[in-house]
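Presented below are the structures under discussion, each in the form of structure tokens.
There are two complexes below, and they share chain A, which is joined by chain B in the first and by chain C in the second.
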Partner chain A sequence: MLVQRGREVGEMEAELKEMLDDLESLGRSLPDPSRNASIDKLRSRVKHLSELAKFAPVHRSKVKDMSAEVVDSNPYSRLMALQRMGIVENYERIREYSVAIVGIGGVGSVAAEMLTRCGVGRLLLYDYDKVELANMNRLFFRPEQVGMTKTDAAVQTLSDINPDVVLESYTLNITTVQGFETFISSLKNKSFRPDKEGSGVDLVLSCVDNYEARMVVNQACNELNQTWMESGVSEDAVSGHIQLLIPGETACFACAPPLVVASGVDERTLKREGVCAASLPTTMGVIAGLLVQNTLKFLLKFGHVSPYLGYNSLKDYFPTMEMRPNPQCANAACLERQATNLTGLCL
Partner chain B sequence: MLVQRGREVGEMEAELKEMLDDLESLGRSLPDPSRNASIDKLRSRVKHLSELAKFAPVHRSKVKDMSAEVVDSNPYSRLMALQRMGIVENYERIREYSVAIVGIGGVGSVAAEMLTRCGVGRLLLYDYDKVELANMNRLFFRPEQVGMTKTDAAVQTLSDINPDVVLESYTLNITTVQGFETFISSLKNKSFRPDKEGSGVDLVLSCVDNYEARMVVNQACNELNQTWMESGVSEDAVSGHIQLLIPGETACFACAPPLVVASGVDERTLKREGVCAASLPTTMGVIAGLLVQNTLKFLLKFGHVSPYLGYNSLKDYFPTMEMRPNPQCANAACLERQATNLTGLCL
Partner chain C sequence: MEGWDPSTKSTLTQIPLLGTKAGPRDGAGWTQRLKEEYKALIAYTQMNKSNDNDWFRISAANPEGTRWTGKCWYVHNLLKYEFDLQFDIPVTYPATAPELELPQLDGKTQKMYRGGKICLTVHFKPLWAKNCPRFGIAHALCLGLAPWLAAEVPILVDSGMIKHKDDAPSSNES
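Take a look at the complex of A and B:
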């Protein structure tokens, strides 16, 4: 059986059982039988508490290997079926991959849940913000998590959903000097898969809501020669995009006038007093779905990995395009990657 | 403050507090001070239980009016912002609408969560199935809900997320005679908004996984002259579609060779022993997002409501089309609607 009781509930039940024993022996040791009524009252309170404790949640335990067996108790049967259907050659390889998600908001949190349910090996989550009731119009966070940091709340939910995924939570702001250093060193860390080439992660997903943070992810990925995907939703909530960035091979985020600006996103509105951007769980869910689908195609090598995919929900229009790097890019690390890439091509 | 403790936790805390009082008076009444050690031990157990009870969930209370006020504690600020941005004329009207969702699986459950977070007035949920660990590769259901009916588990989760939504749960199979009757009469029920024209719901969303159930939804909607939207995901998990059906005005599900068959879905595989269809949280999340986005556009009258939208995830290709009703349709109720529609046009 894959379902087990949570730690707190187990402790609670043990404690209540011992209380019954204590009351039993206390009752026996009392010389005056008139006190038995008090003991009985306490005993019935313990029984009521035991009933109430039953409403506390249970959890699923870890699964050693991904099995394709078709039984109701197998959380991976519908994913392993992708192999039998000829879509993916080796689905189980997903357990070797590490994905970093920067920004655990409307898009990032849903992307994290999708990858967790897909059984990805390891997720690195970055955010400095706390959960608020104003976030409840998007998927993932629940009202009872209000006040928790987004990373802690995400780890709580995701580890309950799939304890097989290794979760690393970084409650920090990557745009600060200290935050950037931790960000870079966490991406470099190879302890999960020491034989991996390059950095310690296979892909970085940017799910942030402002230009500055995107430029920081761009800088880090250019420095580390790290492939990443960018995502964004417009401030009127009805359009969005995803984009694949391979340092030196595609345009970097600094190469072109940022698409996010071109598409009308102005993150300053997000911060203005008394004004907020609109958001919808639909648009954010679609963008998260397209982003993680592109991630699965990239990691598991199937289908066409889109270099850019837009979503205009008012017209149900999905623009695509491809962008080469800009030889006059202002980002020095990008120019370096472009040079290495050219040398590589000439050899 | 909009967050309150859950009922079980509240009862648990009250019970624990009274136990402390009981122990206090029991201790005072004991003539022999040597028994105080037993009382102290029981008291420390009660304190430990109080600590453990803190891990139980809290809930948000109802909100009377949808406010556009930009404060962290307003769950509707980002939705009401759609008005200020000129996307929607009157967002708050969403509270008047009733949406029925048939099939609370990979697509239906996410659609229900999106509409709940958007603050829809009333949701009617239909499913006969139970939650299994094999469902955990899609969004929404959690391992601790295994064994519950999908409708009960959905109501549990959705009422926690947004207690403002009126939830009706129908644990039944619409393809049985009895189930079909209850289905029809629940759609007709107008107690939520007695002045509404037509049926008691504004839209039916079909999120089922087989041809037979789709034909039943089609039959009910043709009989009731009820607009509905169909959705589906292929059994190889990498494509899907949504479709708008207005009786007499667009093709009904029986008018054309079902698109779901044309796109390669064969629900018989779902039921074959030892064989199961593949599924992905990404594809299902995208289809749910497109379906509810189309629902919002239809209900709140903005943008273009798509008559048909496909999603081929391997190519990131999104086909669209429009289909007129078939004058030779085998469905008698469809022919009736076509006749009424023609008469209406000629007048």
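Take a look at the complex of A and C:
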């Protein structure tokens, strides 16, 4: 009973069946047998339509508990198997976690789909853009969604894939004063898990395509003392990176923008995705995969959570490194976090 | 200042520098910063006028001074082309520069992001970051918008993407 046939689908099937019956009686009542061939042709076409109708969109209903039972109808059986194989101690905890994804583009939308399929508790989605045909070289969005806001289109697809995930969408520009206030208050909201310490989310994923927006995510997370992960794909579409940022503990985005270190290119000179840059579904898919893998390891506490992982696709080179905060960082909130971090240590 | 033409360089050095490092969330600091912004803008406008190169009007469109609107224009082949100019002051200002928008040209040139935000040269952002908090809106216009208009308007006019207002409306109806 996991899968519910939509009402419309049921009506369509009933309608087609009646049509078949009508055709049958029409064939019997026709005096001229030479017409029978065309009636038969019509009947076979209606039969074909009935077959097609069986594959019309169906929606699965919500699942109360994640089951480890290995049956075709259990959406979580292969994920719960991670527990039995000893990789994850308690997979079902994923339902308690909230992840905020800022920027629902080539990386963010794919990351959102991955987390949705993993059954994450709650996703908060932020973007102000609309889906365009020019986005179709990347994954996730479909041509029929052109013109919709990326947040609406994402909710449409994600809620179909997994209705268990609580989706919150925010169509706004976080770099404006008003957008920033809404961004901060949505991260602070603890109604999903009132007993949670700190903010209302467990992790923020930055999947934006420009320096200004990254600096804004950095500002918000420094102020909220919120752990976040940054991701990026270069303007020439052949390299990218992910980075873990723990305010006061690791370098913040203003301490040292990652690409300066990785490639010697100043991050501020990078152009953005879209009209002024190239993009590939492959590189963006790889980066989204690395980002969500790191997210799962961070949330479900398995393996090693990478502080920084680069991806150079031309040489298949994956550099890693760790970065301490800059004591001369220009960001005041970062310096405050560094200070509390020091006093919190037993020296 | 590598990569800039000599006249942009000399103009830039004459615009008064700002002293307060404050953004729109910084209360009294932001009020002080706004005063300095206006001072620099007035000085830059007067400089342009005395050089017979007056090319923009801009002012805050809300009491908080976070939204700015106005006009800019460029003369090509003795004809004046005028555009609406607008931008928001980002929350991380002045660490990050405002993104200047010419909404009427949205979709007409590759040198623009969605919403009509102009693409700046690779030289702009590093120079802005190095000069934080001394650069303000006037500097962004001088270093960002002025060179963009000089490069893009002739191309837009010559390729027919934009028409002068006098021959735009009914000329191709007959």
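Everything that follows uses one rule, which is that the second predicted complex is superposed on the first by the 276 of 347 C-alpha atoms of A that agree within 3 Å, B and C clash if a C-alpha of one lies under 4 Å from a C-alpha of the other, contacts with A are read in each partner's own complex, and residues count from 1 in each chain.
Methods note: a contact is a pair of C-beta atoms (placed from the backbone, for glycine too) under 8 Å apart; a residue touches a chain by one contact, two chains touch by 3 or more.
Note that the structure is a prediction, hence the values are computed from the model and not measured.
In the superposition on chain A, A:Thr340 contacts neither chain B nor chain C.
In the superposed pair of complexes, A:Asn36 makes contact with neither chain B nor chain C.
Chain A is touched at more residues by one of its partners, and among chain B and chain C that partner is B.
Once the two complexes are laid over each other on the shared chain, residue contacts for A:Gln219 go to chain C alone; chain B is not touched.
By the touch criterion defined above, A:Asn90 lies against neither chain B nor chain C after alignment on the C-alpha atoms of chain A. In the overlay built on the shared chain, the residue A:Met19 is in contact with chain B alone; chain C does not reach it. Touch criterion met: A:Tyr211 reaches chain C, while chain B stays clear of it. Applying the stated contact rule after C-alpha superposition, one finds that A:Ser44 touches neither chain B nor chain C.
Applying the stated contact rule after C-alpha superposition, one finds that A:Ala254 touches chain C and leaves chain B untouched. Residue overlap on chain A between its contacts with chain B in one complex and with chain C in the other: 132, 274-276. Interface residues of chain C facing chain A in the complex, by the touch rule stated above, are 24-25, 64, 66, 88-92, 95-97, 99, 110-114, 119, 122, 125-126, 128-129, 132.
Those residues of chain B whose C-beta lies close enough to touch chain A in the complex are 2-3, 8, 11-12, 15-16, 18-19, 22-23, 25-26, 29-32, 35, 38-39, 41-42, 45-46, 48-49, 52-53, 55-60, 70-79, 81-82, 84-87, 110, 113-114, 117-119, 132-134, 136-139, 142-144, 146, 160-162, 235-238, 274-283, 285-286, 288-290, 292-294, 296-297, 302-304, 306, 309, 313-316, 318, 320.
Residues of chain A touching chain C in their complex: 129, 132, 173-177, 180, 211-212, 215-216, 219, 254, 266, 268-269, 271-272, 274-276, 330-331.
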